[in-house]
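Each of the next two complexes has chain A plus one more chain, namely chain B in the first and chain C in the second.
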Partner chain A sequence: MQAPSTSLLLSIEALASGLFLLTALGTVAARQLLTCFHLFVWQSILLSASAALLGLALSSPHLLAVAAITLATKTMLIPWLLRKTVHDEVYRIREIDQVLNIPTSLLLALVLAGVGYVFFVEMLRGIAVPAYALVNLPIGVAVLLLGALTLTVRREAVAQLLALLVAENGVFFAGIAIVPNLPAIAELAAAVDVPVYTLVVGLLTRRIHSELGTTMVGRLTALRED
Partner chain B sequence: MLLAAILLVPVCMSLVVLVSPLRRWAGWLTVLAMAATLALAAAAVQATLGSGAVSGAAGWLVCDGLGALIVVLVAFVAFTAAVYSNGYLRRRASHALSDDGGSYYPLFNIFVASMLAVPLMANVALLWVALELTTLLSAFLVGFESTPEALEAAWKYAILTTLGAIIALLGVLILYWGTRIAGEQAFTWNELIAAAPAMPPSLVWPAFLLILIGFGTKVGLVPMHTWLPDAHSQAPSPICALLSGVEVATALYVILRLFAVLNRVPGSEAGPWFIVFGVLSVGVATILMVQVRDYKRMFAFSTVEHMGIILLAVGIGSVDARFAAAYQITAHALAKSFCFFAAGLIVLALGEQRIAAVKGLGRRAPVAAVPFLAGALAITGMPPSAVFASELLILKAGLARGQYLVVGFLALFIVIGFAAIMRHATRMTFGKEVDMAEAPVGRPWSAGAAPAACLTALVITAIPLVALGLCMPAGLAGLLNLAGTAMGR
Partner chain C sequence: MLVHIGYNLLQVAVVIGFAPLVEGVLARLKELVQSKRGPSIFQPYRDLAKLLCKDEIVSRRSSWIFRTAPYVAFTAPVFVALLIPVLTRYPLFFAFMGDMLGVGFVLAFGGFFVALAAVDSGNPYGPMGASRTRMVGFLTEPVFLIVFMIISLVAGSTIPYIVQSEWIRSPAAFFAPWHVLLVIAFLLLILAEDGRLPVDSASGHFELAMIEKSKSLEYSGRGAALMKWGGAMKLFVLMVVFLNVLVTPWGLAGPADTSLAGVLLAVPLVLLKMLIFLVVLVVIESSLAKLRLFRISEFTGAAFVIAVVAMVSRLFAA
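And now, the complex of A and B:
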C-alpha cells in the first residue's frame, strides 16, 4: 500500500485547524460547564491529530511524541484530575455564570479572533514560511485570545480553569507548526506543567469551596482599591 | 556539580520535611538547607567572578553575572525568610492558621528551588517551565492563611500569572523559531544573542511583546499589575518577603535578558519600550500608594514602583545605567524583604493590616514600630540605605545620557512615593490611637514579646542593606558589572 502523500496529510491538517478554531468558539458559546469541558477534550484530540499529521508529513518524531503526550495528558490525565478534585463542579449540570451575556461575548470573540488572525498573517508576510505555519500560527493566536476572553468574562472557578486550558491549547497549536523540533525534554516539561497547574488550580478551587462555600471566584471582591 | 547542588539542596529538603518524624524540626531543617544553599550560591558567585560564567549538569545549567546575582539574592532572602518563618508561623499558628504548618515548609523549600532554577536554566524553554512552577508552587503559600481575602488573592495570583505565562510561551516559541531561521541550533541566551542579527524583525518584535505582556504580568508591570497588591499583601509575611523581594525579580530577569537580544536585531531599539513601561509602572504605583489603607498593600505597590525603576534604568541604555539597575535589584531585594519582615511584626503584635487600626504603634508596640519606620525610610531611598545609592546612580546615568525628561519624571515619582509611604508610616507610628473596643489597652507589646527568630532575620537583613549603602565591596562591584554586561552585550 502506498503511503499517503504529504499534500493530502497537510490538507487534512488544515481541516483539523478549522475544526480546532470552531471548538474554541464553541467554548465561548457554551451554556453548560459540561459542554465546555467536552469541547476542550475534543479540541485536545484535534490538537493531537494535527501534531500527528504534521509529524507524518514532515517525518518528525518530535511531533509524533507531542501528539502522544497531548493525547495522554489532555484527554485522559486532566479529565481524571478534574474528576478527583472538582467532581461536582464539572459533572453536575450547571449553567455558566458570565459577566457578559453569551451573544455579546461571541461577537467580541469573533472580533478578537479576526484581529489576532489578521495581525499574525501580516506579520508572517515577507518571511519564507511553510503553508502549514501560515495556518497554524494565526489560528493558535486566535484561540489564545479566545481563551483569554473567556477567562475574563466567566465568574466560575472551573470555567476559568477550562479557559486557561483552551488558551494553552492555542499556544501549542501554533507551537507544533513553528518549532517542530523542540528538544524532547522541553516537550516533556511542558507536558508536566499543564497537569500540575490543573491540579493546583483544582485543589485551590476545592479549598475555596470548602472555606467560602462558593466557587464564584468572580464574585470575590474583598480586595480592591477604594 | 555546584550549580546542580544549588537546586538539589532545597528539593531534597522539601522531601525530607515531609517525613513525619522530622516534621517537628521542619522549620530549623529548612533554615539549615537555606544556609547551605546560600553558601553554594556564594561559591557560584565566586566561580562566576573568576571566569565570567560557569556551566554545569552537562550544559543544562549555566550561571553568568546576572544569573549569579539573582541566585545569590534568592538564596539570601530565602535564608532570612526561613529564619523569620520559625518565629512568625509558631505565633500565628495559635490563632489564625487553619493548618498546623504541615505543608508550609515542604512548599517553602520547593518554591525556593523553582526560583533558583529560573536564572540557572540554560535552555530558554526550560526556563519558562521553571518560571511557571514558581507560580504554581507558591499559590498555596499565598492562600496559606485560608481567610476569604487570602484565597481570593491566591486565586487571582494563580490564574492571572498562569495566563501571563501562557502568553509568554507563545513568545518564547516564536523566538525559538527565529533562532532556527537564523541558523542556530541550541536555544540558550548566548545562541539567541548570536542569532539576533539574522532574525527577521517581524518575528522578534511580536515575540518580545508577548513576553513583555506575559512575564510583565508576573513582574507586576502596569497595567498587568492588578493581582500583585492582593497576593503580596495576603500571604504570610515571610512569603511576602520572598514574593516581593525576589520572585518578581526572577520574572523581570527574563525581560532584562531580552534587552541584549533586541538591540542586536537590525533597525530596532528596545530602550524606548523599557522606558515607557518603566515610567508608567513607577507613576501609577506611586499615585496608588497615596490612597492605600493597608500597610502591606502599600509595600506591594512599592514593589511595582521599583520594578518600573529597574526596567527604566536598563532602558536608558548605558553601561552605568545597567550597573545601577543591577544595584537597584540588589538594594530592592534587601529593603523590601526587611519591610515585610517589619510589617509581619505588626501583624503579630496587633493582628491588623489596616493602617487606621494600627495608629499609635510607637506606644503600643515599639519593637514593631522601630523596624517598620526604618524599613519605610530604607525603601523610599533615605541614606544610608542601599536604595538611596542605587537610585542616585540611576538618576546620574540618565542625566549623563541626556534623558532629562525621563529623569525628571522618575525623580518626581520617587518623591511622591516617599511622601506617600512616610505619611502613612508616621501616622501609624505617631498617630493618635483611634478608640477601638477590641484594641488592647494598657500594656504595650514589649520587646520580649517579639519572637527572637523574627528579630534575628531583621538584623541579618539590615546589615547588608546599610553596609551596601555606605560602601561597595570589590566583589559586589565586580558582580554588578558582570550582571550589567549580561544585559547589554
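And now, the complex of A and C:
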C-alpha cells in the first residue's frame, strides 16, 4: 500500500517541477510587470506544493515545515510586502525595459536551461541519487540560472527583485531534493531573510520612484553630486 | 477487417458531425463568460444549412484554385480523422497509412491551398492574411517538429495510436516534467495554428487585423460553408490529437472490447474531454489580449523554447 502511493506522490511532484520550470521560463518571456509578479506567486505555490509532496512521500516533517513556511512567506508575506511598498503605478508597467529583446533572452534561457541539465546530470551520473533528486536538482539549477539571466537583462527595479526571488526559489527547489532533512532553523532563517531584503529593496524602489518618477534602474548610471 | 473499416469511417463521421457543435459550444461559452446569453450551440449547423442552400458567386477572374480550395480545406481534416485515435485505442484500418508527420502534412496541405486561393481571389485582404498565416506557420513549424521528435523518441514510433498507448503503459512518463512542458508547447501551438486569441482573434471583424479569417472573405454559398466546416474540423482534429494522444489518453474504446457499443460509448467521453478543454480555451482567450503582429514571434519563440527544454530534459534526465 505504501509503495504505490509514494510513487504517485513523487509522480505528482515531478509534474509540479515541470510547471515550476515553466513559470521560470514565463518570467523570462513576460513583458508585463504584473505577469511577472503573478508568475512568481505561482512558482512559490508550486515550490511549496513540491516540498509538501516530497515531505509526504519521504515522511519527512522537515520538508512539511519547509512547505508551510514557504507558503506563508513567499505566497503571502512577500507579495503583500511588494504590493504595499511599491507604488501601484509601477505594477501598471506593460513594457518592462530590457537590455536584450525577448526572443534573444529566450534563446539565452534555452542555453542556460540546457547547461543546467547537461552539467548536473553528468555530474550526478557517478553518484547514487534518488530519482526525485535527479528531477529536482537540474530544474532547480536551471531556474537559478534563468533567474540570474532575468536579473541581468531587465532594467526595472521590481522586475529585478522578482528575478532574484525566482533564482532563490530555484536554489530552494534544488535544496529540498538533495537535503530532505534540512533543519527547519535554516529554512526559518531564510524565511526571515528573504522578506527583509524584499522589504529593503521595496522601500528603496519606492524612494527611487518618488524621487525620479520611474523605477528604470538601468538608467541610473551616473552619480550626481551637488 | 470490415469492422475496422467501419469504425474508421465512424470516426470520420464523428469528426464531420460534431465539429460544428464544438464551434457552437465554444461560441456560447465565450458569450457566457462575457455575461451575455449568446446564440444556441446548434447555430453553426443552421449557418451551414443556410449557406449550403444559397447560390455561390465566384469571381470571373479567379482560377480553378479558388474553386477547389474549399473542397481541399474540407477533405484535409477528414483524411486526418482516418489516421488518429478519435474513438478507439487500437489501430484501425487506415492507421498505418500515415504518421503524425503525415497528419501535419495533410493539414499543412489544406492550409497551403487555402492560402493560394486567398491570393487568387484578388481581394486585397486575402493575400495579406495568407502571408501572415505563412509567417505564423513557419514560426510554429520548428515547435511542431520538436514535439514530434520527442514523441517519437519516447514511443519509438510516430503513429498516433502507438504513441497514445505508450502513455497508458507508463504512467511515470506521463507525469514527467518534460511531458508537462510538451503539453504546454503543443497547447500554444494549437492557439497559434488555429488562429486563437493571443495570436489572432477568431471573432474579430476588422479586416486589417485578420489573419485566419480574411482568407475566406470572398467565399459565398457552398464554398463558404465548406470553408467554415473545414475550419471547425481542423480545430476538432487538433483537439483530438492533443487530448487523446497527449493529455488524456483514457476513455477510448479499448482493445478488449471491440463491440460497436464500446466504440459508441467513447463518443460522449471524448466530447466531455473536449468540453473541459473548451472551458480552458475560453479562459485563455478571455484573459489574454491580442498580440501585435510582430510580437507573435515572441509567443511562438516561447513555445519553441518550452519544447526544446522538454527535449533537453527528456534526453538528459531520463
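Criterion: the second predicted complex is superposed on the first by the 213 of 226 C-alpha atoms of A that agree within 3 Å, B and C clash if a C-alpha of one lies under 4 Å from a C-alpha of the other, contacts with A are read in each partner's own complex, and residues count from 1 in each chain.
Heads up, the rule we're going with is that contacts are C-beta pairs under 8 Å (C-beta built on N, C-alpha and C of every residue); 3 or more make two chains touch, one makes a residue touch a chain.
Model, not experiment: these values are computed from the prediction.
Aligning the two structures on chain A places chain B and chain C next to each other without any clash.
Legend: residue contacts after superposition of the two complexes on their common chain; A:Leu58 is shown touching neither chain B nor chain C.
In the superposed pair of complexes, A:Leu106 makes contact with chain C only, with no contact to chain B. Shared-chain residue A:Tyr197: touches chain B; no touch with chain C.
Using the contact criterion defined above for the overlaid structures, shared-chain residue A:Gln160 touches chain B, although it does not reach chain C. In the superposition on chain A, the chain among chain B and chain C reaching more residues of chain A is B. Superposed on chain A, the gap between chain B and chain C at their nearest CA atoms measures out to 18 angstrom in whole units.
Put simply, chain A uses no single residue to touch chain B in one complex and chain C in the other. Of all the residues in chain A, the ones that touch chain B in their complex are 120, 123-127, 140-141, 144, 147-148, 151, 157, 160-161, 164, 167-168, 171, 174-175, 178-179, 181-183, 185-186, 189-190, 192-193, 196-197, 200-201, 203-204, 207-208, 211-212, 217, 220-223, 225-226.
Residues 98, 123, 125-126, 129, 132-133, 136, 139-140, 143, 146, 148-149, 151-156, 158-159, 162-163, 166-167, 169-170, 173-174, 176-177, 180-181, 187, 200, 202-203, 206, 229-230, 233-234, 288, 291-293 of chain B are the ones that touch chain A when the two sit in their complex. By the touch criterion given at the top, residues 171-172, 174-181, 184, 297-298, 301-302, 304-306, 308-309, 312-313, 316-317 of chain C touch chain A in their complex. Across the interface of their complex, chain C is touched by residues 7, 11-12, 14-15, 17-19, 21-22, 25-26, 29, 31, 102-103, 106-107, 109-110, 113-114, 117-118, 121, 134-135, 138-139, 142 of chain A.
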